[in-house]
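Shared between the two complexes below is subunit A, which has subunit B as its partner in the first and subunit C in the second.
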Partner chain A sequence: MRNLRTGLKELRHYPSAIVGLAFIATLVALALYAVIALPLDDAIRLWRAGEGIWEDTPRNASPVLLNWWPGNNHAETIVVRCSDEAATRSMERLSDDFAIIDISLPLEFTYDGFPDDVRVFLEADYEERRPHAALAWKTPDGREIELEERTLGERATYVVSGDRRLAERLGTEAHIGLFRQPDIEDDVPLKGRYELSVEGILFEPEGDVRVRLVSYGRVHGLAGTDHRRRDLTVALLWGAPVALAFGILAALGSTLTTLVIAAVGVWFGRWVDAVIQRLTELNAILPVLPLLVLIGTLYSRSIWVMLGVVIALGVFSLGIKVYRAMLLPVRNAPYIEAARAYGAGNFRIVFRYLIPRVIPVIVPQLVTLIPSYVFLEATLALLGLGDPLLPTWGKVLQDAFQQGALYKGYYYWVLGPALLLMFTGLGFAMVGFALDRIFNPRLREL
Partner chain B sequence: MAEHNNRLMAARDLQMWFPVRRWGFIPAGAVRAVDGVSFELRRGEAVAVVGESGCGKSTLARTLLAIHTPTGGRITFEGRDMEQFTSREMRWYRRRVGYVQQDPYGALPPFMNVHRILREPLIVNGVRDRQEQEERIRDGLREVRLVPVEDFLDKFPHMLSGGQQQRLVIARAIILNPGLLIADEPVSMLDASVRVEILKLLRRIQDAHNLGVCYITHDLSTVRYFSHRIMVMYAGKLVEKAPVGGLLDDPCHPYTRALLRAIPDPEPENARTYRPVPGGEPPSLMNPPSGCRFHPRCEYAIAGLCEVEEPPHFVPRADHEVACWLFREE
Partner chain C sequence: MNDSPLGKQWGRTLRRMGWYTLRRSVALFVTVVIGVYLTILIANMGGHVDEIRLAQIREQVGARMMADEQLQTLPSEVIRDLMEREVQLESRRLGLDRPFIVRSFLYLRNALTLNLGRAEHVTSDTGSRQVRLIILERLPATLILFAPAQLLVFLVSIFGALFLSRRYGSVLDRAVIALTPTSTAPAWFYGIFLILIFASVLRVLPFGGMVRTPPPEQTLPYVLSVLRHMVLPLGSMFIGGIFISLYYWRTFFLIHASEDYVEMARAKGLSPGQIERRYILRPTLPTIVTSFALSVITLWMGSIILEIVFNWPGLGRLLFEAIGLFDTPVIVASVVIYAYLLALTVFLLDIIYALLDPRVRAGHQGA
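So, the complex of A and B:
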């Protein structure tokens, strides 16, 4: 039996432990960054994906990382607003309640692939008489393609890929047709400066029109986006603190309560011990996962409720038997007899003499237990019992699973959270195993 | 009444029976580890308890320390009856009695350093003042010659030698200023070279604090050096109580004689000659022999008496008690 502190210091002699610690440190850094950079309320709001929040992101785009591969140059998302410097805007007032507004939004397109879609978001100010707008598309080689003419509401969206007449005119999908090099067989995008021009007619003195052009990329963000256009970075980032908190709290909570109960049983013996043993056996036959599913379905899927239930079910876990076996010989140790002889009370003996003796054996177990709880959270999410609000790795996996991500080839959707889960497991496992070797020297030669 | 005031501890007919259950619940008798022990201990007096392994010496010690609750008889300490102790008196009693165990390494919590080990009894017994704690810890270490004190405070038990560990155990036992020290084979697990040192230390501490000492051993050779009186224990009972000189030079009980014969002779010529330990097996403590418990192994057993009736304590000489029919006055 060695001292806890010297044992922890010894960790640095184990390369695997150092790698594991590096993983854990990265996770902790990620978690801290998430919590600081993106407050929980914002994360929840973003993840809930309310109206208008994810207008400017593409659907099911791959991570930008894909473009780091040599030769890859997929289209990224470009957003141009009429308030941007590059945009021009002029208004000609012909009479009190009649004005012509000219807006031109430039779009620098340098990619080897076509965008996923193009949309124009139009906002208009008016009181009674709606403004009118005509949209046109100018290509770098000087062609001009008329897009649409329409009367504007307060908010209007022109979806290029949904314009069937335009598609017919261009002879291909509309958003591809807009960027396509003319006169060649293959679909090859023409690079250069495009321009969207909006000619509006206002019928009121105070009227105005604002325009936003979005060319959706095939790649977006560090982690890609999902079927609801949500940037997965939000979930992968916020998954870290949630996973760490859940794993560590659950592991600590269940281990410590179990240890204390085992120690109390061992110390008081007799009926106390007997009751604890029977409860443990009873608890052992409770099916944990079905119970969690039941609670998740009937009561609440909040991650904190789940955490509470997991800890509560862990209190009388079979670990009690293991700890009991470790504590029984300690109970009769002469140093405890000595403590009684100088008057140490039951409480002090349990917490200061009995439990510290087995702490070094418990610590490695505790560390290796953490990822299993992280996985449990992911499992629950996969079963549809994830927290309804929090973005977590498990919920990303669940979405991917439901949307048939692998079937459709959206590998990034599964790989991101899966890799993070794996690194978490690996990090804690490597540290845990090294600690185990330090504190249980019989394993050291392995 | 001076004699009476001088009495530190007394046990009267003390019994410690451990119930035995078959299959965990069917009562099946009891191990009579201590069975009717009476003695008195004066202030500043060292009494040795000797007897072979398993005769109940450690159980007697634990019972005196109130680690076991006796199943019969009574213990009085400084005139107060232990059975009637309030919890406050019990705490006082625990301060007044120190305990030195056999295995020094086992007796020290391996996860505490020296400082913490010595601080624990102080904390438990309400010495809250930090400064006082520090002073007493340092005084304790100096008293057992673990010096320079600073070198030891941060050490853990496994960093100390056996002798140092036992010194630490002794320091812990006396840190609460007890009036009585119960030492259960304090040197039997130590290297022969440090035994004398530790015994001398105990002796010095005893003199310095005028401690009563209950020194438990099965090694009669150290007894003369250390104690004033000897009590010989056999199968849970005291069979002979006498001052050291009288007992060692002229033992009465056949068991004591056999024990003394078993001590190796320091004369090299005689060391080779085989000296029998008391013949036969130690008796079962669950079904002790009837009458005198030693009679099956006794070469002087009186047929029709020893196996029938338990011998009372006879007084063949002043201050010398023996429980053997050979000394009945006719």
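So, the complex of A and C:
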């Protein structure tokens, strides 16, 4: 064990290992942040995207990072509620059950590009007689465009881009026409203070109307949004703890069991060894991925079931042959003979004398194995066998693929999870390779 | 000729090789049988294979009764009862009422002979529902892509590694070492980036698929189109696998080059080329072949996902389609066919190993 500690200390002398460790530390920090800032239940609820959860986010918006590039000034999402301070609201009661309500929502628009869409969400309180509302749009240069008049239900949504008649009146797509500078050929947005005014007529004494105006941006959040308007930050954040847990548990589980079995085989020899060897050969021709697919389709897609199966299939992995070759010479070492002389039992020898001898050699392998399991999780997700609930990097990639993200040019959708996966893979691999050079003296000379 | 000592020796070697091949093939066949049996056990844990069979019987019986015009005049309850009885009879005849142990061996026989039943949703291009036909149709596409890729990675890494070990410590050597960690990412991962660069941004290569639509009618344009579609998947497999194997073999050769007998050869004044051929490559060939076998196995698994990313109409893509449609017979069959493919790979490389390893040829079993 001291051997192990000095070896780990030696990592300092390898620049690549330091970079790798920095990557891993960042990931762990990200994972911890995810777990603390966004409890698992919330993350799952958000990712399931039930009704009303992602109303205020745009569809397929790029990350805000895009705006940090000089010269880029894409529209961001703006939400204005009638409860906001800037909003004005007045009610004039004409009789007991007849009132006029005036709501005006200001929208400060300062971007060089048009929004993706504009929606108005209307909520009304009423007993029997539904309120009535008329929407109008005021531009900074003083034009007024009538939008729509309608009788309100409890909840109503007015989708500007879906208003065909408005589009016809404006001569272009409606959500662009509303922000367009008039009298010039090109589509250039007019900057300044817009205003949505809602004139409501209430027919009941207790009636009320609430309005929310959402101008959807072309960029949103640190990671952008997907086809279901979900903010990808949720999945990218939560992907970190899931990937780390899956990778580390799978690597530990399969390596340690393999090691124990190899040691048992070497120590007991004869038929035990023979059986273990045959099982290893059998395991080598079992197609792991198709088997995982089979289990995922027929039984459960839960990531923990998959983890169990991955470990189970990894128990008799070909690593046994490697460990066996390392352990065979140790078997006849004098110190083991000494242990037998003092009366150590078989399992004591296996666990206390044989296995610790090869642990330093295993550590680099273990570290390099972690990313391959992280990628395995992504692979399963890409096959459509991702965990049904958890947001993971692989599931984001799968969504992106299914929606043809690369084809349609939504590169951020693929790049976000891919870069994080790459980051994880490189981090562990760099540390693993450095450890390999430290613990395998024959490599160190090269 | 047979009387000459050389001929005798050849005869003995041949016999020994034959014996070895036989033993290995029996061992591997037993392994495949056990592997497939395990697959069946796993698949049928919830009675899924039984369900497939039952559904099939139901379909057949239903079709037969629909065709019978006389039956159509009967009331529908009677027809239903009749059908139930028929299904019961049929499943008894097929042994579905027998204990699971017996049934599992029936399934095993069917699976081993690739008598895999009918797909529920997937069809072959010729319109057949026979799982065997569907799989046989997809197999060539997979082989066309993956056999060249595996050979390419293998050959380039062996000869590149020899080259690097000669220039150990050079800039190129260091660059390869520095790039080694990138190989932890699987090929499909690089596939995504390649698609992004060459298909999305530069628009010079296709996004995926095996041949352009509609497929060219003449042979030459057809082949060229397939080759064009192969560039990106091949490239991503190459990038995904090359650095780690270059690193591995380079280190392997370097360690080997410090053996005493290599030093001896060098002291004799042999040229570097001769030393590489006779003293480094020749004695390490069995090891090289063995690890090639292992890399082939991992590549097979990687191929599944690569086919999905590149929309390549091979076995992996079939498996993916089957998952999407919940087509159990096809999924079970895919597992079986992959088990066969892996065993076949191991078998072929075993034979090559035997040809290369003098210990096997001389009938001397190593330590």
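Please note the rule applied: the second predicted complex is superposed on the first by the 442 of 446 C-alpha atoms of A that agree within 3 Å, B and C clash if a C-alpha of one lies under 4 Å from a C-alpha of the other, contacts with A are read in each partner's own complex, and residues count from 1 in each chain.
As a working rule, a residue touches a chain if its C-beta (ideal position, glycine included) is under 8 Å from a C-beta of that chain, and two chains touch if they have at least 3 such contacts.
Just so it is clear, the structure is predicted and the values come from calculations on it, not from any experiment.
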### Message
Going by the contact rule set out at the top, does A:V414 touch subunit B (first), subunit C (second), both, or neither?
### Response
second
### Message
So in the superposed three-chain picture, is A:P371 touching just subunit B, just subunit C, both, or none of them (first/second/both/neither)?
### Response
second
### Message
Once the two complexes are aligned on chain A, which partner has more residues of subunit A within touching range, subunit B or subunit C?
### Response
C
### Message
Quick check on the superposed pair: does A:R348 touch subunit B, subunit C, both, or neither? Answer first, second, both or neither.
### Response
first
### Query
A:L286 contacts which: subunit B (first), subunit C (second), both, neither?
second
#### Entry: First (subunit B), second (subunit C), both or neither touched by A:R340
first
### Message
With both complexes overlaid on chain A, does A:L383 touch subunit B (first), subunit C (second), both or neither?
### Response
second
### Message
Going by the contact rule set out at the top, does A:K9 touch subunit B (first), subunit C (second), both, or neither?
### Response
neither
### Query
Considering each complex separately, which residues of subunit A are in contact with subunit B in the first and with subunit C in the second?
none
### Task
Spell out the residues on subunit A that touch subunit B in their complex, using ranges where they run on.
1, 3-4, 333-335, 337-345, 348, 352-353, 356-357, 359
### Message
Taking the touch rule as given, give the residues of subunit C at its contact with subunit A in the complex, in rising order.
### Response
27-28, 31-32, 34-35, 38-39, 42-43, 45-46, 48, 168, 178, 180-186, 188-189, 192-193, 195-196, 199-200, 207, 251, 254-255, 294, 297, 300-301, 304-305, 308-309, 319-320, 323-324, 326, 328, 331-332, 334-335, 338-339, 341-343, 346
### Task
Going by the contact rule at the top, pick out the subunit B residues touching subunit A in the complex.
62, 65, 67, 90-91, 94-95, 97-99, 101-103, 106-111, 120-121, 124-125, 156, 169, 172, 176
### Message
Could you list, by residue number, the parts of subunit A that touch subunit C in their complex?
### Response
16, 20, 281-282, 284-291, 293-299, 318, 368, 371-372, 375, 378-379, 382-385, 397, 401, 406-407, 409, 411, 414-415, 418, 421-422, 425-426, 428-430, 432-433, 442-443, 446
